[in-house]
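Each of the next two complexes has chain A plus one other chain: chain B in the first, chain C in the second.
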Partner chain A sequence: MTSGNLLAVDNLHTYLGDSHIIQGVSFAVPRGKVVALLGRNGAGKTTTLRSIMRLVPPRSGTITLDGKTTEGLRTYELARRGLAFVQETRAIFPSLSVEENLAIAERKAAAGGGWTLERVFNDFPSLAARRNNGGTQLSGGEQQMLAIARALIANPQMLILDEPSEGLAPLIVRQIADLLNKLKSEGMTMLLVEQNFALATEVADDVVVLGKGRVRWSGTSAQLRAADDIRHTWLGV
Partner chain B sequence: MGFDPQFFAEQLLNSLQFAMLLFLLAIGLSVIFGLMDYLNLAHGTIYMLAAYLAFSLTQLGGSFWVALAFAPLAATAIGMVLYLLLLKRAETETHLVQVLLTVGVIYAGTDILRIIYGDLPKGVNQPELFAAPVNIFGITYPGYRLFIIGLGLVTQIGLYFALERTRLGALVRAGVDDRQTAETLGVNISAVFMLVFAIGTYLAGVAGVVAAPIFGVYPGMDATIIILVLIVVVVGGLGSLKGAILGSLLIGFADTFGKILLPQFAMVMIYLVMAIVLIFRPTGLLPARRFTGAG
Partner chain C sequence: MAMTRNNLRLSIGVAVAVLALITQLSTGAFAQELFAEAAILAVFALSLDLLARSGLVSFGHAGFLGLGAYTFGGLAVLQNWPPSLAMAAALAGGIVSGLIIGCFAVRTSGAFFIMVTLAVAEMFFSWVFRSPLFNGADGMGGVPRLDMRAMGLDLNNPKNFATFCILICICVWIFAEYIIVTPFGRTLDAIRQNANRVSAVGGRVFSYRLAAFALSGAIGALSGALKAQHTNFLSPDLATWVVSGDVLIAVVIGGMGTFVGGIIGSGLLVYLKEILSSNFGHWYLFLGGIFIGVALILPRGIVGSLLDWLDRRNARNNPAPAREEEA
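Let's turn to the complex of A and B:
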């Protein structure tokens, strides 16, 4: 249980309507590691994440979680098996209070993790102060914190984050980076999609670069920082 | 005809009583739509079916209370089977397909009940407990109609607490807000929906049983009321309890007073209310946030 790949994507093909968005993507997320999925807009990053969560049905290819295929599983079953997805839109429920947003996601996992409502409010004091507020009365940064806290309280095996820094002020982005680094040091496995190159390579062990629906490069964060041609061609940074 | 306060008070209570009946039907239709985007007009068939079952139970010697206890349950069971075998197929289809399918169910249901029970209206006796008129606000008013008002109020309060104060209620609100996100958090929305569908269908059955002593039981009673219920949902706003309450009050009053003040234009009054609301609030008065266009 301590090594090997927690998540493996093999030769994934996904269509949105008639468009062939994901064209044979393969990569793996080892247990306890952080993998960043980088690429320009339209490279297929979000669609890859949504395929993993089966919010869009993959056309072909296999996705395994903990060595078992996820074929035939529904989204809620994947969540119950330990995948926690923080969407780009944060997707806070406007009709629910901050506390209710957390409470409906709370789950005790066999693997532990120890996240409870008390611990969330202890570690995220800004949420504690607003526990009875409507979910969408929060600022953008607070909504992102709530979205991450709501993922953690399910005590997942793995966090899947879609652009957690998007649209946030630099100070808040720093807080998000610190939080992700802390989770990483506690051994949380993560798959991270991010436009913020500095943040992504700071947090991630490994990077997979996507371009036009295919894997164009993969390696460590340090290797990518040195690979100028790859960055220019596929990331524009 | 001068202003007669007693007559006015009586009509106010009649409006309230009719509003409660509309509410019992509207809340199911509204939340079923809010959660699954399913426009289920066969909801009206359940109302009619429960009324006929109540008629049969009372014919077999059961009291009104036996009918109220069992007819909605039986209608709910039939409604669930109908959903799982037929209506579910249109879950991912457009609203037009859903309307065509469920209007088909209305026609088929009406004819099946007509074959079994015949064309003539049937009666269900009101319970003896509420047979006596009650003195209230200086008028004598039928006790049974007050019972319906009370039943509606208790249901509204019960649903409010269930939706706002329980975990299941939070799951329903989350599902109405954003079904996909609820699924990513491990919520089995299909299971939540089946439970909501069962509760909504049950309340439609209750409406059918309590309406039977007042309006009688006849083929097509579902089509008559489902149009008003649709207007309630449109005026009140989709997917919300408060919207269903407010919408049913407005339409209950418009219908009752329309029939008194302008008998030839009673239906016009209702459409007028709907038109005015839609001009100023195209999504209805108090819809769930997903339908306001803001959330």
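Let's turn to the complex of A and C:
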């Protein structure tokens, strides 16, 4: 495994209509590390992720994956190159069964082994019990687990998670945190957007604080916990 | 075991098929013509509804019907091709034109897709309307029917032709029902629900929609080839937007995305047109009124509303079991 940055975002500018949402954001996600993007509502966290996945086209700036620019690539090509995006609000396909939701994203690992349907059902027993159930018959926690499992079964190089804890009960947030910690210990690179400060700083190695479309601070999780002024100004915690 | 949506849908389909075949055999020649017309419209409706599974609603589907009719009729009349070969050519024409038009059409969606498909169909209409090859606006007669006398079936007999059309419709219906349970069909479903999500998990939405469009084009062309055989005549009117509108009405009234709904809608449309046009001058006015009424009372179409009712009933009878907190 080579070191260095798996994903690098440099001077990213994104507009939604006439609004200049992302105003020159730069950060990097080193291979094997977990980076959290924090910030208040409207800070541009989700738009940054959507720009990386090219679900919204950035106006300017470069994004490199594995040292190669992603310019000109489409969303599905980025997914096939190893970016697995777990979208906000548990973006599963409601009319598809649990198994079909997984099958649609399944891709064999380059080096063999990796995540298969069997391993997913082994590691997510609550999904195994509902493998033939429709997506709408799952609880919120199960839907979020399914969304994460669906990202893993593509055997990605990197997980991009948009608020995985949103709207979930504390007990289930704990399960999500444990899952993310386990994935981290297995060496999975992750970019995490979170409102839940405790969860984010527990899982992440590095934190990038966004405010009004710009990077306001970056450092380690431990440094952020100590930096009271930053937390008050840009995160309100 | 409660009745599921799918089982109800399939049961209605089988019931309609059996009923159509039996009733058709015991009616007169005039009614058999109507049965053939309804079955052909139903094939056309299935073509539109299959495309709708991928989230695309076309308002130029008559282009495929016209293309199938003119490919079949043109080759059979002008080139003296055997009708079976001409029919295969019509299907191939549907696929090829679907792939070509789809290359730019399926990159759009919603109102843009409606406009693109409408424009392409009107281009085809304008071409055949002026083309000296096909007698332009006057149309062209003498289109033969498929020769199945070797199998002891003379399709020039209205009863035989109606049976033939109904059987083709049943085959297309089974094919459509098969397609939607394959991984390809399930992916179309996912695309209809959220195309961005499909891209985000690595699915190339364009390819799936293009394939659906070509498949739909082939079935649309098939219905056109049948239509030309039914009337023994080619007319530019086959490709007008009114034809695209009629099939859309049939599918919406029956229930979009249910397949059997479009079949029922087609039967209803043909029947009402016949009744109304023989009794009233401004019969389209009455037809429009009836459809507005149905749309208001059953917003999801006849079969769609029935399926929703089933869902509500099942939910009432088997409330979801309480979940454990740990989920």
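We adopt the following convention: the second predicted complex is superposed on the first by the 233 of 237 C-alpha atoms of A that agree within 3 Å, B and C clash if a C-alpha of one lies under 4 Å from a C-alpha of the other, contacts with A are read in each partner's own complex, and residues count from 1 in each chain.
Operating definition for what follows: contacts are C-beta pairs under 8 Å (C-beta built on N, C-alpha and C of every residue); 3 or more make two chains touch, one makes a residue touch a chain.
Here the structure is a predicted model, which means the values were calculated and not measured.
Partners chain B and chain C, once the complexes are superposed on chain A, run into each other and clash. Contacts of A:Ala169 after superposition: chain C is touched, whereas chain B is not reached. When the two complexes are overlaid on their common chain A, residue A:Ser126 makes contact with chain C while staying clear of chain B.
Contacts of A:Ser139 after superposition: chain C is touched, whereas chain B is not reached. When the two structures are aligned on the shared chain, A:Phe85 is found in touch with chain B and with chain C.
Between chain B and chain C, the partner in contact with more residues of chain A is C. On chain A, the surface patch touched by chain B in one complex and by chain C in the other comprises residues 53, 55, 74-76, 79-80, 84-85, 87, 91, 93-96, 100, 103-105, 107, 150, 154. For chain A in complex with chain C, the residues that touch the partner chain are 53, 55, 74-76, 79-80, 84-85, 87, 91, 93-96, 100, 103-105, 107, 126, 137, 139-142, 150-151, 154, 169, 171-172, 175.
Interface residues of chain A facing chain B in the complex, by the touch rule stated above, are 53, 55, 74-76, 79-80, 84-85, 87, 91, 93-96, 100, 103-105, 107, 136, 150, 154. For chain C in complex with chain A, the residues that touch the partner chain are 183, 186-187, 189-190, 193-194, 196-205, 320, 323, 325-327. Looking at the complex, you find that chain B touches chain A at residues 167, 170-171, 173-174, 176-178, 180-189, 288-289, 295.
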